[in-house]
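Consider the two complexes below, in which subunit A is the common component and subunit B and subunit C are the respective partners.
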Partner chain A sequence: MTCESAAEPAWRSYGVRRRSTTAVRLRVSAALVAVTVLAVLLVPPLVRLDQQTVDLGSKLLPPGWAHPFGTDDLGRDLLLRCVYGLRISLLVGVAAALVATVIGTAVGATAGALGGWVDQGVMRVVDTIASVPHLLLGIFIVAMFRPGVWPVVVSVALTHWLSTARIVRAEVLSLRSRPYIDAAVSGGASRWRVAVRHLLPAVLPRAALAAVLMVPHAMWHESALSFLGLGLPTHMASLGNLVQGGRSSLLAGQWWPTLFPGLFIIVPTLAVAGLAGAWRERIDPRRRSELML
Partner chain B sequence: MLELRDITAGYDREAPVVRDASLTVARGEAIGLLGPSGCGKSTLARVAALLHRPESGTVLLDGEPVRRWRHRAPRGLRTAVGVVFQQPRLSADPRLRLADLIAEPLRATGRRDEIPQRVAELAPAVGLTRDLLDRRPHEVSDGQLQRACLARALVLRPRWLVCDEMTAMLDASTTAALVAAVEDYRAATGAGLLAVGHDHTLLRRWCDRVLRWQEVTGRIPPATPGLPRTSGPQQPADVPPAGDR
Partner chain C sequence: MNRLPWAAMARLAGRRLLFFVPVLLIVTFGVFAIAAASPFDPVKAYAGTAAFGSDARTLERLRENLGVDQPFTSRWWHWLTAALGGDLGQSSVMRQPVAQVIGERLVWSSLLCGAAFVVAVLTGTVLGVLAARRPGSALDRAVTSLTYSLEAAPVFWLALLAVWLFALRSGVLPAGGLTDTASEQVTFSQVAGHLVLPTGVLAVSQLPWFTLYVRQGVGDALAEDPVRGARARGVSERTVLLGHALRSGLLPVLTLVGSRVPELITGALLVESVFSWPGIAAATVEAAAAVDFPLLAALTTLATAAVLVGNLLADLLYGLFDPRVEFRDM
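Then we have the complex of A and B:
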């Protein structure tokens, strides 16, 4: 047995192990994402319990049979609160990632396809915006509106489209000089037609991947804003609000109102990131890397 | 007449690839342009197809000077010159089926109604069978893809055809079939041809007149960098073998 494994070339066993860890990571991530999505979609209609029900008699109960995650300082069931919070966080994350990807793709494709001074100008604007810390910029944007879901989506989207714009621009620049674009131009295609028919379809897979990779970012950003009290109003509590709400009881030794919402932020976002990472390795096997978040 | 006069072109203003190149392709004439790898033939071919703006010099199509290039060139002038490139893999949009690849110029110029008829005419002319037309570029061979690229170049009935090393990647029988397809088209329409390449045997058989790079630019092409003359072929590629001289 030992003899056989010693005879195995080192690169080979390394490759096999590497592939299997990738496969395990992919399966675990996919399972977690599936559980998350199912929970978010099915729990609210199936479990006819009101997450807002206040029961002051059972406030701050530790995790137990009746309340698996315990209760908060108003006696509300934390498991239910977390599922509803995840629902809001996921909604905001996905919506913000979609909006950011649309903006980023449009800007990046325009800059890359037009080139010249338009490209230079647009990319300097992108650099300028990127040089301001995301959270600070996000706070400015949120502060301009009344609290609600859409201001948060806008705030996250407007601070996160920059990386997509850079990726799409780089991709378009590399495609633009391919002979098939020359052939299309020679065949009478207008600039618009080249962009829409030949360039955009080629960058869409990359943009879609960027969108999925952005979902965890957007969820974290939303949680941070909510934690700071600038995000969603408390009646539509997101995970960030829940962590913020649990903070006051943390020093009194009640850890569950902070821990469980925190886990609900971390685990689904890592699962989405793991799934996107596996996808990236599939479409771009040359650029193997660890989860680049 | 497709005329290139004193063309200087390149990708860096400081170091142009092509200097003072001049050549003329009359209607119905086939011109071969021979030059070693890296001398600037492809750049000159791109200029002739209005795909690259030269630093200086004039391009005239039937006496009409070209003032704008690439997308900005008037569509009528751009489509008057058909191009076929060396690498079919890079010159075909990987998402289009071969039939769509061939029809794409008709779509781009708003002549959709001609598509079925033109594709049905051109596919047999370049030797593509019906089942190949439904495949995508990654499902066909280089030779089959280059046939489709030639059909795409011919679909708008250009008055000139620029073939930039069209057959360099292909075997002899495909080369013969593609050259025959070009010649059939030229016989039917009287189009001019600029065939760029380094295969002097092929170009001398194919073209009415073969120009060597130094005849076009008035200077000896530079040696390929990094390839000492002693280790490569003893003869520069554009010098014909003794028997052919």
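Then we have the complex of A and C:
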């Protein structure tokens, strides 16, 4: 390989091609997110199939026409169970991300707007909590409060608001020196009014982006807890519980009860990351668009 | 290399170690506060099913003996002073002192994490360089897509699939544990064989970020003037890539390794559980399932300390490798 072909042209053609791949990626991601949301919203009410229907005569069937993902050890259709599992995982993920975003925005905005020792103190606390590994803290909280839906949501929310708080604080700090804030202050606006009317709306797009990106994280966290037997109760078949449930079949040699629930975690994660990457490129075009996870 | 700035490094380390103290104090305090706010009752946990049959007087005495009637702040202080003396309490699920549990299991966790990190760094470097060599090429896209998919994949799921593929289908590797169940002694070859799968999975879970950082670092270095100059002088592509771009692109990434301890601990928690690896991460999960508070509190503190040490290591390496950074400023 000569150096000419290796250096400049590669970078240049990369730049040209990037635009088209970005568009393709955006469309694929949007389509996947749409399919996921539609499946989660529409399949349960429309399809008159009970995901709990036990049919021991057709247990552990490999993927085929009647059951595209096969059946589990009780003869339940895995595709249907995965859709229901995604529904539960997504619900928990969205709830946790919402709680975390509200906490993070409130803390970050307060720290950034007040500044001084409040800011220093709050950010030290954030640093301290951040030095406990997320999953470990989550496991500790769930262990103390016993597994259940709310402990899981709280455990995920309490470990995920830190990054939002940092992002919002940094944004508020950079906004504070803008002329329109000065204008509002010299116009006699109170601290509270400046924060709520001028700072918060400017910060929201970034907080919303962080919230969207947090949903896959929260799903991941929930499924890890559920997999360890510390998450949702087993009758709530979330994706993590499905993977855990497929474990015994896997050890007997049947791979499909484990494989498909995992794919149901990966695909939405990648799709959301692709969408969020495109969105970030729109609100912050200087930064190069990379998939964000 | 020039003489290392030992004095400056020691000062930075000393300053950071002073900072560790309040962090660990707050974390342990928080752990006790969460436990106090939770419905968890140490007396019932201690008495087990016997609590149902015993009268209120006995339970009250037990409450007093365990010190549960005191506020959690004084219990925290009591635990802290005992912990400084090496007494971390008694683990109910392991039926031995917490300090002993940690002492026996820490070595296996360190072995697993260390091996996984080495594998991840080596593989990540190779993949990152291959991808960075021709950005936008088929190879680059393949590596990038693979890393993003791996990043999105749950570790425990990868671990289960690895067990299925390598232990059940082909039977080349053991599915879990430290040694074969029949074996009485812990021998080197046994441990090495059982180490392969957990190490591989943990390494794969750490691979994505490292590969992407190396790709970014080497890719940026390839676009810089020193590389262009080297190419203009007719230096071979191999030397340009490995001697110039990799050296300047990899060093900043290597310093990040210390700051990835939280992710490593998260991965270890899941991998050790799947493979029944007798490390402290698997013990954490067992302790959580049995609500073994003394063990959980100690392990949470230990993990936090590991994260802090990792961060310190990252800062020290960063200051060493980047001559523009002064230790005084950190």
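Of note:
The rule is short, and it goes like this: the second predicted complex is superposed on the first by the 276 of 293 C-alpha atoms of A that agree within 3 Å, B and C clash if a C-alpha of one lies under 4 Å from a C-alpha of the other, contacts with A are read in each partner's own complex, and residues count from 1 in each chain.
The rule is short, and it goes like this: a residue touches a chain if its C-beta (ideal position, glycine included) is under 8 Å from a C-beta of that chain, and two chains touch if they have at least 3 such contacts.
All of these numbers come straight from a predicted model, not from anything done at the bench.
The superposed arrangement places subunit B and subunit C next to each other on subunit A without a clash. In the superposition on chain A, A:Arg178 makes contact with subunit B only, while subunit C stays out of contact range. In the overlay built on the shared chain, the residue A:Gly187 is in contact with subunit B alone; subunit C does not reach it.
Of the two partner chains placed around the shared chain by superposition, neither subunit B nor subunit C is touched by A:Ala170.
The larger set of touched subunit A residues comes from C, when the choice is between subunit B and subunit C.
Annotation: apex subunit A, arms to subunit B and subunit C, angle 100° (C-alpha centres, rounded to a multiple of 10).
When the shared chain is aligned, no partner comes close enough to touch A:Ala278: not subunit B, not subunit C.
Judged by the touch definition given at the top, the superposed model places A:Phe227 against subunit C, while subunit B stays out of reach.
Applying the stated contact rule after C-alpha superposition, one finds that A:His198 touches subunit B and leaves subunit C untouched.
In this overlay, which is a superposition and not a single complex, subunit B and subunit C have their closest Cα atoms 17 Å apart. Listing the residues of subunit C that touch subunit A in their complex gives 22-23, 26-27, 30-31, 34-35, 38-40, 133-137, 148-149, 151-157, 160-161, 163-164, 168-169, 175, 222-223, 227-228, 231, 237, 240, 261-262, 265-266, 269-270, 273, 284-285, 287-289, 291, 293, 296, 299-300, 303-304, 307-308, 311.
On subunit A, the positions that touch subunit C within their shared complex are 1-3, 6-7, 10-11, 13-14, 17-18, 125, 127-129, 131-137, 139-146, 216, 220, 223-224, 227-230, 240, 243, 246-247, 250-251, 253, 255, 258-259, 261-262, 265-266, 269-270, 273, 291, 293. The touching residues of subunit B, counted against subunit A in their complex, run 46, 49-51, 70-71, 75, 78-79, 81-83, 85, 87, 90-95, 104-105, 108-109, 149, 152-153, 155-156. If you check the complex, the residues on subunit A that touch subunit B are 178-180, 182-191, 193-194, 197-198, 201-202.
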